[in-house]
C-alpha cells in the first residue's frame, strides 16, 4: 500500500494551480482532502505523474453569504461545514449531511469540493447539491463559468469539469421560511458509503408542499434527482397515500449495482425507505415539528 | 523522483527531513524520525491507529503526504507527556483499563486529546461519535469511553 | 463418498439473495439488442473486421496478429482518476456465416499483475425491416483480483456507461460504410483528452465493437 | 485465623489474586513505547514484499524477474525455483499437511505468495512487485466446498494425487483431507429412529478473519559470523516457530532465537507459520542482512489464517417434554488450499466434540470431513478454543430450534436438559470429563437480573403491534486449556506450559513463562498469581515472555490456555519456591518445617505468632544462610502438564429490536454472566469479556470473507470487513459466578474466549427469536441488515397497510 512516484506541486493561488494543470494535462491530478485519491494511488489504480495540492490556497477556503446565496469555497472541509454557524443557520442540510460522512479524522481533511468533483456514486454531497439546487463556480484558463448541479454529474467519476479546470466554490440559496431539510443515510458502519441515502429539501406553506427536491445517493451511476417523485408531492398536502406514490416513483429511477451492501432489490427498497424518512423529517422541520 | 526538504515541528521540536513526495506522513514519522508510537493498522484510513494531531486537527497520517506537513505542527503520543507528567488521558486509560494490546492506544489517545478540546464535557453518545474513526479489537470500547469521561472530569477540575 | 456432504447446496442458503453464504457472483451477464440504421450486409461486413471494430474503442489496440483467429492487444481503461492497462489475448472461437454470428474470447492481466479480466462474447447481426439491421450481443464479463475486490462496486454501472459512448462510435462507423468514407469519431468529451477507454467495459469493448444503441435486457446471475 | 486490619493490609500490599489492580504493561503503551515488530529497525535492514496471484487457480508458466531486478535498490527476487535447492519451497503445516512457501508451478488461491522482492526500502519493494512478470494459465476454480468431492471437480492439490492420506487420516477423493468421527453412531441412529421428536437444521459458521489491528510480520536477521538466526515475529507460539525454523533450515535450535515482541492482538491469526516469514528468513540467510516483512491489511485478510467455514448439519432427538435423547452432527469443513489450520496435531476437528454443550445428552455422534478449495488456507481458532465456537453454535442454535418445535420456552428447555450440579465431574457422550459447573444457578441469576418474564411479555405485545423484538439465550460450556500431553501435541511436542521463577536476594522476582500476551495482560495476571503464592507484591514481580533464548519451552497463547496451563505452571513453580522457603525459614527460626504455617507473605511458628520470617527475609537468607544439604538460591522451573482441560461456562442473554423497514438490528441489552472459576484480576476479566463480546457481535452481525465464483476474495479491506466502531458496538453488562476448577492449582479456568464462543449464538438466537412466531426455523449468520431484511421482505413483514 505505497503510492507510485509523482511530482508534488503546492500552488498558493488558483492561477498557479491552473497553470500547472494546463501544463501537465492529463498527467496531473488535483489533491484536495486526499481520502479518495490517495487510497486509489496506494492501490495503484491511479498513478498521476503530478499532484497539484490545493490545500495551501487561502482563497479556496471559507463560507460566506451574499445576495441570498451562500458561497462555500471548494476546499472547505467537512468539519468546517459541520461547525459553520452560517450553514447551521441558513443551510442546515449541508452540516447535517456532512456529519454523516466518514469519521472525524477523515472529515478534518475531506473537502466538499473533492467530494463533488470525484463524483463517486457513493459520495454524499452530489445528492445534497441536487437537493439544494446548488451551482458550481468553475475556473479554467478561459475564465469562470457557473454550472448548475443538475446536469453536472455525467456518470461514475465523471462530471462536466474538464481536466484543466478547478471547482472554486459551491453556491447554494439561503433557505427560506417554511423550509425543511433532511438527509437520511443507511450505512453498514461508520466510514462506509451509503447503502442508499436520500436528501430532501422542501418548502411548506399552510400545510401545502410548495416545492420539494429529492435526490438519491449510491443507487445509480450518479446521484439521482427523483423528479417524478417530486411532482407527486408538489402543491399537495402530505398524505400517506401520496407519500407512498412518491416513494414508488423514487424507487423506479434507481439502478444500483449490487455489492456487499446488498442486492439491487434491497438497495432500491432502501432508497425508498430513506426517501420516506427524509420527507417525513423535512416536513416535520418545515412545520416546526422537528 | 527528487527528494524535498521539509520542515515542521514534531512534538514542539523543529524537524528538517528529506522526503520523497510520495512518502506518507506516517512512514516519515515512524521510520525516519523514529517516533514509533503511531501505528499502521489498515492503510485505507479506516482504523485510526495512525491518528495524530496536525495543525490542531486529528488526521490519519496514513492518508497524508509528508510534504503536506511542511510548515505545520505535528503532535504524536510521544508528545503528550509534558515535564515528565502524564496527560490526564494517559492516566485515565490506565485507570479505567482502556487498553489491552496497546496497538490502537496511541491513535485513541491522540483522537481523545483533540476531541476533548473540541468538546470538553461530552456525553457518552458524543464520545461514541467523536471517537468513531478509531478501531479497537480488544476492549469493546466501553472502558475507553469511561477513560475519556474520567479524563474530562479530571481536566475540568484541574 | 458421502452424498449428504456433496448434495445440492441450495437448502443451506436460507434467506439470501445473490450473496449466498459467502459466495458472490461477480460474473456480469449482459444480453443486448441494438438497432442499426444500415443493411445487414454492412453490419455483417463490419462485424468481421476485428481491427476496425477494435478501433472503435478508444484505448483499445490490437498489437499483434498471431493467426487469423488469434490476436494480442492492449486495452487501456480510464475512469476518473483510475487508469489500468490490460495486456490480453483475443481469440475468435467461431465465425458462423450462416447465423452471422461471431464468438469471441478475450482475457488479459493488468500490467501490475494484480487483476485480470475475461470476456466471452457471442455477437450476432440480423436483418431488421427495410434495409435496417440489428445486433444481438450476449456477453459474460469476469474480473478477478484487486479489480474484483475493489472495483466490483462499479463494474455494472460503468460497463453500461461506457457502452453508451462506444455504441455511438460503432454506429457512425457502420453508417460510414455506406458513404464509403470513414466517419469521424463522434465527439465525446473524454476522447478529447484521452485515448483510453473510459471504464471497465474494457476488454469486452474491444470485442464488442458490435454493440450499439439501447440495451434491451440485462441480467446478472 | 482471624483477619485483622493489619492482615488485610498485608494482603492488599501484595495486589495478588482477586485484586483489580492496574496493569503493569500499560505505562509503555500509553506513552507510545510499546515495541511491536514494525517498530524494529536494525542496521542494514532491507524490506521484503510479496508478489501474489490474481487468480485463485492457475498454472505458472513462467516468471520473469528482469525488470524488477533492474530497478535500482532491488537486491533480489526469490521464487520457488530459488528455494528448491534448499528444499524450502514447501513447508510442513501444523496439521500434518504441507504448504507451498512460494507457489511451485501452480497457484491454489487468490493472493497466494508467488515471489518475494527484497529491496533497500519498502517503497522500492512495492514498486518492484509490479515489475515481476508472471505468466499464468488460468484453471477452473473450486470455490464451493459442496462441490469439492464431485467426480469432475478440479484437483487442487496435484502434489497429493494418488496419496490416500494428507496427515490426518484416510482420504477418499483428491480434494478430501480427512474424515473424523466421534461417538456411538449406531446407538445414536437407533435413538433417532424411535424418538418422539427430532429436529434437523443446516447451518453455517461463515468464513471470517480474526483481523487483529496489527497485521503479521517479522524481522529476520541472520548473523553470518556466528551462524545465529534471530527472528522478531508476530507469533502467538514462538517456541513452536523456533522448532519449525530449525527443522526447516537445518540450523541448530540452539542457534535460532525467536522473539515475539509486543503483539497488537492475535485472536488466532498469529498462531500459524506463514510463507512470508520463511522467505524473509531465507532472504536474510542469503543476503546476510536483516530482512523485514510486514503484511498490508489487504494481504492479512486475504492470505493469513481465516477462521471457521464450517458447514454443519445439526440434529437433536428428544421426548415430547423436550428432554434431549441424542445429538448428531455432520460437518463439511472448508480448509482452503492447504490444511494449515492450527489445532493440536491429532485433532483434525479440534475440540468440536464439546458440541453436546451444557446438556445431559446420553448419546451423540459427530463427523467432520475436511476438503480443499481454492481459498486461502487456515481454519484457526478465532478467539476461541479449537473449533469450539462452531460446536457451541450448533448446540445452542439447535436447542432453540427444538424449543420452537415443541413450543417450550428457550430458558425452560435449557433448564430441563442441563447437566446438574451434582453430576460433576461429568462424562459427556463424546468423551469429555467436565471438571465443574453449576449451570442452573447461572441461568437463573441472569433471568432474574433482566426480568426475563417481563421481556417475554413485552415481546408478545410488540408482536401484536407488528414489531420485531428478539430475546436470545446462550448457556454455553467451553473447553479450554489445551492440554494434557497424552491427548494434545503440536508437531509431537506435548501441550504443557512452563514457568521459571527466580527470587532475587532483595526479594524481588523475575518469572519467565512460555506463553505470550497479545493484550491479555499476562505481565499483570501472572505477577498477581506469583504474588499470592510467594507473598511478594506483584509490583516487584517482573514477567518475561516471548524470547526463546530466555524463556523455557512453552506452547504459546491461544485457546485460552494461558491461565489454565501457564497460570498453573506459574503457581506450581511458585509453590516449589515456597517449599524451599519453608525449609530455609525453619532453619532460620530453628523449628521443624511442620511447625510453620504460611501467612500471606511469611511463615510463622504455629502457636508463637511473633516468630516469623517474611519471604523477603527468606530471599536474603537463600543467598547466604541455607540449611546443610540445601542448594543456595531461590528459583524453580515447572513444566505443567494439565491433568484435564478446564470447562468455563456462562449464561448470556441478548435483547434485540429489528427495524423491519431496513433490516437493521439494534442490540438493546446484552447481559453476560461468566463463570471462569477463580478470578485473578476482575478488571482484566471484565475487559476480556467486553472485547470478546464485541468480536462475537461482529461475527454474528456482519463479518464474512466473501468469494465470487472465480475465487476472487471480496471485502478484504477495512472498507468492507466489519470491525465495529464505537458507534455500532452495544453496551455490555457483566456478571459472574465462581465455580472453581477442582484440578487447577488455583481453581481458575480461563475466560478470554467465553464471550466470543458464547456470544455468537446468543446474538444469533436473538435475531432468530425475533422471527420465532413465524414459520422460520433458522437464519444463517451474518445477520447483516441486508440479509435480515431479505427474510423480512420474503415474509411480507415490511408491507405498509
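Just so it is clear, A, B, C and D label the chains in written order, and each chain counts residues from 1 on its own.
Convention: a contact is a pair of C-beta atoms (placed from the backbone, for glycine too) under 8 Å apart; a residue touches a chain by one contact, two chains touch by 3 or more.
Worth saying up front: this structure is predicted, and the values here are computed from it rather than measured.
Q: From chain A, which chain is the farthest off, judged by mean CA positions?
A: Centre of mass proxy via C-alpha means gives D as farthest from chain A.
Q: Cα centroid separation between chain C and chain D, in whole Å?
A: Centre separation, chain C to chain D: 47 Å.
Q: For chain B and chain D, let me know how many angstrom lie between their CA-based centres, rounded off.
A: It comes to 30 Å between the two C-alpha centres.
Q: At what distance in angstrom does the C-alpha mean of chain C lie from that of chain A?
A: The computed centroid separation for chain A versus chain C comes out at 32 Å.
Q: In chain C, which residues are in touch with two or more of the other chains?
A: Where chain C meets two or more other chains at a single residue, that happens at 17, 19, 24, 112, 114, 146, 150, 152.
Q: Which residues belonging to chain B are in contact with no fewer than two other chains?
A: 20, 22, 43-44, 46, 129, 131-133
Q: So which bits of chain A are touching at least two other chains?
A: In chain A, residues 1-2, 4-5, 44, 103, 190-191, 260, 262-263, 265-266 touch at least two other chains, as defined above.
Q: Where do chains touch, given as pairs?
A: Listed in label order, the chain pairs in contact are A-B, A-C, A-D, B-D, C-D.
Q: Where on chain B does chain A make contact in their complex?
A: Counting only chain B, the residues touching chain A are 1, 4, 20-22, 24, 43-46, 48, 51, 57-60, 63-65, 67-68, 70, 111, 115, 129-133.
Q: Show which residues of chain A lie in contact with chain C when the two form their complex.
A: So the residues of chain A in touch with chain C come to 25-26, 29, 36-37, 40, 43-48, 118-122, 154-158, 162-163, 220-221, 255, 257-260, 262-263, 265-266.
Q: Under the stated contact criterion, what part of chain B meets chain D in this complex?
A: The touching residues are 20, 22-23, 27, 30-31, 34-44, 46-47, 49, 76-78, 80-81, 86, 90, 93-95, 97, 99-106, 109, 127-129, 131-145.
Q: Could you list, by residue number, the parts of chain A that touch chain D in their complex?
A: Touch residues, chain A against chain D: 1-2, 4-5, 44, 103, 186, 188-192, 195, 240, 244, 260-263, 265-266, 269-270, 273.
Q: What residues on chain C touch chain D, complex-wise?
A: 1-2, 4-9, 11-17, 19, 21-27, 107, 109-116, 118, 142-146, 148-150, 152
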